[in-house]
Each structure stands twice: as C-alpha cells, then as structure tokens.
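All chains are identified by letter, namely A, B, C and D, in their written order; residue positions are counted from 1 within each chain.
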Amino acid sequence: MIQVGDRIYLVLEDGKKYRLQVKKDGSFGTHLGQVDFNQCIGREFGEWILTSQGRKGYLLQPGVVENIFHMRRRTQIVYPKDLGFILLMLDVKEGDRVIDVGVGSGAMLGALARLVGDKGRVYGYDRREEFISLATQNLIEWGIQDRVELKCRDAQAGFLETEIDALFLDVPQPWDCLLAVWNALRGGGRLAIVSPTTGQVTQVLEGLARLPFIEIEVWESLFRKYKTNPRAFRPEDRMVAHTTFMIFARKVLS
Amino acid sequence: MIQVGDRIYLVLEDGKKYRLQVKKDGSFGTHLGQVDFNQCIGREFGEWILTSQGRKGYLLQPGVVENIFHMRRRTQIVYPKDLGFILLMLDVKEGDRVIDVGVGSGAMLGALARLVGDKGRVYGYDRREEFISLATQNLIEWGIQDRVELKCRDAQAGFLETEIDALFLDVPQPWDCLLAVWNALRGGGRLAIVSPTTGQVTQVLEGLARLPFIEIEVWESLFRKYKTNPRAFRPEDRMVAHTTFMIFARKVLS
Amino acid sequence: MIQVGDRIYLVLEDGKKYRLQVKKDGSFGTHLGQVDFNQCIGREFGEWILTSQGRKGYLLQPGVVENIFHMRRRTQIVYPKDLGFILLMLDVKEGDRVIDVGVGSGAMLGALARLVGDKGRVYGYDRREEFISLATQNLIEWGIQDRVELKCRDAQAGFLETEIDALFLDVPQPWDCLLAVWNALRGGGRLAIVSPTTGQVTQVLEGLARLPFIEIEVWESLFRKYKTNPRAFRPEDRMVAHTTFMIFARKVLS
Amino acid sequence: MIQVGDRIYLVLEDGKKYRLQVKKDGSFGTHLGQVDFNQCIGREFGEWILTSQGRKGYLLQPGVVENIFHMRRRTQIVYPKDLGFILLMLDVKEGDRVIDVGVGSGAMLGALARLVGDKGRVYGYDRREEFISLATQNLIEWGIQDRVELKCRDAQAGFLETEIDALFLDVPQPWDCLLAVWNALRGGGRLAIVSPTTGQVTQVLEGLARLPFIEIEVWESLFRKYKTNPRAFRPEDRMVAHTTFMIFARKVLS
C-alpha cells in the first residue's frame, strides 16, 4: 500500500514516466494534468489514478532500472544494456566484498549493494568530493547506504582493502590503477573496466598483459529496441550505437 | 582453500577451460597433459598447478557464467548477453518471490535463486518430467536447491502462486499462458518472455494488448567480442547473430 | 572548371554541406556568411572560396550519394548503406534492362540509370502521378533521363517488358506483384525487394515460395559511423537502427 | 543460350552452389550426382538439368558477387557487404579513371572495371608479382582485362597517374601512401581505405589530418542474414562480426 514518503513510478496513459516521492497534500503537474498525491495514498501498486484532466496514471514501484535513469546525476552512467552483463561477469553475490572505483552518481554502487546482501560490503572510491556527496545522497534515497563505504581517495594510491571478490573500474586512465587493483583482489577475483575509446582499451590491454591476469575479454553490446505494434513489428528507427567497451579479467598468482 | 568435492574452473595456459569436481587421488586428462587432483587440494584459488606435461593450469572458482556454460544441459540456454539484462529488467532482489516457466536445464532458476536470497523463493514450472529432474540435479550441484520449488505442471493450467514479483516465461507458445501470468503477478509485477522468431513475438504482443499490461518493450542484444592483442585491437571475425527476442511488460489493474 | 548552371557541393570549414546550382551574379546565405557565386565560376573542383565572413567553403562535385540526400523528395529513400548492396546483388551492369517499381523520388532510378550505360534501359513504374513527375524532375537535373522510361501504372497489372535482367520492388504490398515480376524477368533474372516490417517479409517469403524463385535471401544492414578524432577513436553515440529488410531472389523456369 | 566455354553458376536443389566452365563432353561430380555438361549446352539460363542421381540443378549466369566468391584467390577479399558501399562512396561511374592499390586477387579491380565502362580506366598497383599475375588471370576470365593496367610497383614510391577520380587503398600501412595518394587524385577526388584494426585506422586518421583532405568518415558494416522460412522468420544464429573499417576522404587544394 502506497504511503507518504514512498517513491512511486508514475506511468501516464501515453507512456510518459515520472519517478516521484509521495507528499501529503502535495501534487505534481504533468502535460496530461495534475496528479493529486492524496489520491495515491492507500492505493496498491499496479492501480491507477486520474489526473485533473481525467487521464489515467498508473502507480508502479520503481526498480533498479527506473532508479538509475531517474536519479540525480552529473556523470555518464553505465547503461542497463551493459550493467546487467557486467554484474554477471563480475559474479557478484551475497556476502561478496566488492570495490567500485569512480563512483560518479552512484548507480553502480546501488546495483552492487543490492547484490551483496546484508553480509556483503561495497567500497566506493572517487577522488572528487562532489561525487562522494552525490552518490551518498542517492544511496540514502534508495535505502542501501548501510552496505556501502565511500572514500574520497585516488585509486592509483592503492586500496585500503584486500581479498576483494570483484572490482569495477570506471576512470579515464584505468591503466594507472592496475597494480593497485591486482593487490586488492583475491586470487581468482574478477575485474571489470569500462572505457569508451579504442585507444583506452589498447592501453588497458597492454597494462593487463604486464600483470598476472587471465581470462581477459573485451566486449561491446548493441541493444536494439523494437516497435511493439504487432501489425508492423520492426526495429525502432534509431538506437544507441556505442556507450563503452567492457574489459574483463581475473587475477591469478604468478 | 580447495578441498575434495569442490568444483573448480581450470584454465590452461592456452586458454582452454574445464569445470571439474576435485576427487581424492583422481586425475583429469587434457590435451596439455594430466591434471593430478591431489596437487590441487590445499591450494588457494588463483594459484596454478603443472600438468604432467609441465604446462600451467590456473585454479579458479566457477561463477554463475561458468556454471551455466558447463552444466549438464539438453536445452537451448539463455545466454549471458541476454541473461544479465533480463535479470535487471525483472528487478529481481532479496526477498522476491519469482516464477520461472519452462525451466529447461535450470540455468535461469540458478540465476534467480541466487538473487532472491534466503528469504525469497523461486517457483519453477515445466511440463516435461525430464527437465524437472535435470534442473534439480543442477540446482543441487550449485547448492541452491533450498530456495527453489519445482512443479511438473503445464503453465497454461494456471500457477499455484499469486502476488508474484517477477515471472520469466520461456515456452514455445507463450501467448497461451498470458492470462495465467497476469493472475499470478502482483500489481506492478514484472514479466519477461523470450521467443526466437518474429512470428512468436507478434503473437505475444497481440496477447499482451488484450490484458492490462503496460511498459511493453521488445529488445534484442548483439554482443561483439574483441581480440585482445593490444597491437591489433579489433572485433573477432564472427559472432552470435541472434539468440532470442526479449519481451518485457508490467501488470496493472484494469 | 565550374561554370554557370553547374551543381556544386559546398562544404564549409565546419563540415556543414549544401548542394547548390551556380547562378550568375547570385549568392547563397549560410550560417557562416554569404557565398558569392561569381567567386565560384572558373574555379576547379577541390578549390575553396571565402564567405562574406571570411570562412572557407570547399567546392566539390556532387556524386550519387550527395545527389540522393539533397534531392527534392517526398518519400523514404533507400539509404546508401542498403543501396550499394542492392545494386551489387542485382548485378546491374552496362547494357542491362531493369525495372524499378515504386519509383518514389527517383533515387533508385538514378542509381540504376548510371549503371546500365547508354545501351541499357531503366523502366520505372509508379501508380502515383505525383511521383512520376517528381522523379522526372530529379532525373532531368541529374542529366540521365534519356535512359529511363517512366510509366504511371500499377505493377500488379503486369509489366509491359519481358526478359528483364533485374527488378527492384519497393511497394507496400510486394506479394501482390510477384507473378507479374516472375513474368517480366528473364531466366536467372534477379529480384530485390525492400520491406520495413517483419510481417511484410513473411508475406513476401510465402509468395516467393509459391513461384519458381531460388537463391532466396533476406538481409539487413547496420552501419556504424566512427568519430574521426585519432586520439579518441570510437563509434558515434547513436546510429540508424533500421531502414528496411532486403529480400533477394532469382527467377528459374519450373 | 549456354555454349561450350561459358561460365555457369550451378545451384543444386539443396542450395549448394558451384561456378563452372562448360566443357564439351565433360562432366562435374557433386554430392548429388554427376552433371553432364552436354546436357547444359543449348539450354537457356534459368533452366535446370538432372544430375545422374535425378536431382535438379539450376543453370544460372554468374554475376559479380558469384565471381568474387568463387574466384581463385590467395588473399582476404573485400566482402559484398562492404564492396557495394565503397563503390557508392567512391562514386565510380562511366569514364572515370581510378586506381586500386593492393590488388590482391583482383576482386576490386573487377568491380571497378565494370563501372568505368569502355572510356574509363582502372590502374592496379601491387608490389607483389604473384598478385599481379593472379589478378591478371581473374580479369581475363571475367573478360574485362582491357580496361585495366596492372603495375608491379610500391605505392609509396608514387603513382604514375594524376587527376584520378577515385582511389582504393588496401595495404597494411596505408598511412605511408597518403601523400602519393593526394598527388594522384584530382581536386575533389575520392579516397577509400580499408583497414581491419583500430590502431591502423588511428594512424590513417592522423595521416589524413596532416594533408588537405576533407569529408573524412569512418564506417563499419554489420550485415545480418535471416532464415527464410516464413513460419519462423528470424535472423541466422551466427554472422560475420567484422571484416574491416572503411575510411573515406576527398582531396581538396590547400
């Protein structure tokens, strides 16, 4: 049952979406009319309310994808198309201790924190104070800040943790951190790096080759959305062509 | 520390991989020589042993991706490229109650069971007894059978659960199950369907349009692997062109 | 040497492009200032002039790609990414007699007319008078109208030619024309059909299966453009996801 | 009417294909039985003959695509998926004078020679005598050797022609030839370069930036083939993931 303070994901009948916080006696203006929050309180997710113009608005619970796309952000985010694959390749699971370097707005922190459970731990590193602060805000909003420790610190200087299960690296010059990464990971620990340009990937590959890493793979993903009219089923006209290359490796002992 | 009975993921120095169970006094033959299991016992993951031909073999822990690709299977599996995205779109998390229809060899069951945690529950449906049995074996091997209930039952006949958070449907004629799916889901609950042909997708879209489902999306993914030689960075010559279309929807109340 | 009446392809120093006709004492306004046509007259292609704001504008000769993208058009065009492949698969060459059905704005007519040479012939069919007229204008502008015969006629009613080497079909319901197409083609003659939706392709495939056609193939193309900064070589952020499916077949005798 | 000496493209009823030369009293063995050439003589293209096992074999005329894929070759060829686009971007047409550098087995020479007509000219450069010889054989077989001049010469040493309309460069280190290329092209002349690795493209882009070239573009193409069963229309399982990057530019005067 929706209560005051809950986050809701409002989907209007024309498909337009909003992620909102329900406030007592409050309202929210849309192009299809005002949404009266008092009408939402006490409803179950999945129900709908009417706007002031008599248009339907469905009340849904936001999930991780909706949270990421509607969060406060000031950085490029890891897209869902890449995020799901990275989480799988990092094999993040209950009880894992993982590091996220270059936390940005905190999307990856949120996804990792959800996966490690109450017994796991996520360590977030960023050298920019503003992003530590922004990520903290977003984690609080998602209610999973307890599993995360944030540190305003340059990854190149080394990590404070060892025996880490998985590490995600999203910085402009990842090759500078590879020795620190190797030191932080446990034997067999998994590494994922995102870099948008081919030159960056080349430098990362050179760096990985100099250290005991195996199972090195580079991937990119192309996701194509389709129009959902069954009488004219076909791909959308345009798509995202590139977000990032994804580089994976596992630490071994030399 | 590796012990008798453990599953290991052996990566030879030429990149060839094997998922093995360590047996006391046992051995395993590879094209680069015999691996003596007694040599593996007591090692840490990430270390290496030598084969009888003096070639290195790294001892890694298998994760979800390695488990899926090396499991006993008699069905087409959901590829990692699609699996990560589906899990994200289904928003599966600790405590969720989810249904997997058409369990096949059990790969999706395993992935879901890991995500729902000890308080969650996965209900698996398949009308073919042989797959219930195969999936059970694989779940036992992965050690997560306690979170899963398997039922040899036709989904079209309806599900025994209600208020389900997320449902994954992998059957040849998914349109026949859509009413049963709608009944099983909670308000706002999430549905993912995989179908390989455009005709199947068209029929699913027609079926979804007749029921209160919103946020209907159809996606396909293309993942391209790159050669990892930094001096000749380029995509591999060939790739998987198609596995399945992924259809997503959320239940609302009419 | 550029003369009055010539078509030029003006490329400004910021990459913005215009296809223009040089007029005596005329000028053309751009966001980087006026281009004085008298300055262009007598120049060689490849040279540059200065705009009224002192910015460089390169004077190039428009080619088939530039002509197509800058022509008067009121229809969806066949994109270069598909056009080159279709022309190759149709094996159009000097002396060929080819048919273009659904001429639209005339882009394909222009491409075909260039390939068949002075001894070849292109027959264009469209049942909409306005497109016969528009295509005629464009052909005159490109100076290749002599090789083309246009007919305002429904393809379903049959073609007036036989022993045709290659036929291109771009109409909403191509399956209605397949018998007429078979009758028009010579033995071994080549057919290409473009259709944007999967349902259309399915119907075309059903129609082709009922007639003596072999070498049936269906293709789609995805072209990805890259950013040309050598220090950050990577694909563009967005791309065309879909234009059309391309269906090919060759006529045989039963 | 098929005659002794003609090249035919034989398509068996199971889709297997052969490019053959018809020889008097000769025969050709296939997995579906012997094909008796005397049976083929006097037939029209599009007709079929029976093999010794009573299976149908269709008699088609080979076109440019069939010629390329079935020619004698000892090099990587430019695939049709890229070839059609390159020919379009190079804007090759009747009367053009074009250069092909790195002729390899001669596929591009053949495609270019067809397009330039009797009044055009194709100049082929390769520093390896064996490829000059192989390309010559293939051109003779296709009957278009009169339009082509082959030179066993290193492109880096400069071209013997000037005022060239279009130039195609397929060598391992294209950046070494760019000044020679610029000198050979006419103002506005078009250049296409193929290179498989990202590092090569980066070096080409650096080289192009140092010379008066504009309209620089880099593309790659992904072509996906579909299964042609109308009841299960879907992409093939696997596809070519990468052949080459295609780099385009036009010469201007500085």
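FYI, contacts are C-beta pairs under 8 Å (C-beta built on N, C-alpha and C of every residue); 3 or more make two chains touch, one makes a residue touch a chain.
Nothing here was measured: the structure is a model prediction, and the numbers come from that model.
**Student:** Subunit B and subunit D are the same sequence; what rotation (0 to 180°, nearest 5) superposes their CA atoms?
**Tutor:** 180
**Student:** With respect to inter-chain C-beta contacts, which pair, A-C or B-C, contains the greater number?
**Tutor:** A-C
**Student:** If you average the Cα atoms of subunit A and of subunit C to get two centres, how far apart are those centres in Å?
**Tutor:** Computed from C-alpha means, the inter-chain centre distance equals 44 Å.
**Student:** Quick check: how many Å separate the C-alpha centres of subunit C and subunit D?
**Tutor:** Using C-alpha averages as centres, the distance is 21 Å.
**Student:** Can you compute the centre-to-centre distance for subunit B and subunit C, using the mean CA position of each chain? Integer Å is fine.
**Tutor:** Computed from C-alpha means, the inter-chain centre distance equals 46 Å.
**Student:** Would you please write down the residue numbers of subunit A that are in contact with two or more other chains?
**Tutor:** 198-199, 202, 222, 224-225, 233
**Student:** How would one label the connectivity among the chains shown: line, ring, star, complete, or other?
**Tutor:** complete
**Student:** Across the complex, what residues on subunit B touch subunit C?
**Tutor:** 198-199, 202
**Student:** Flag every residue of subunit A that touches subunit B in the complex, lowest number first.
**Tutor:** For this pair, the touching residues of subunit A are 11, 44-48, 58-61, 63-65, 80-81, 83-89, 91, 93-94, 114-115, 117, 186-190, 198, 201-203, 205-206, 209, 214-230, 233, 245, 250-253.
**Student:** Provide the residue numbers of subunit D that touch subunit B in the complex, in ascending order.
**Tutor:** Residues 196-199, 222, 224-225, 231-243 of subunit D touch subunit B in their complex.
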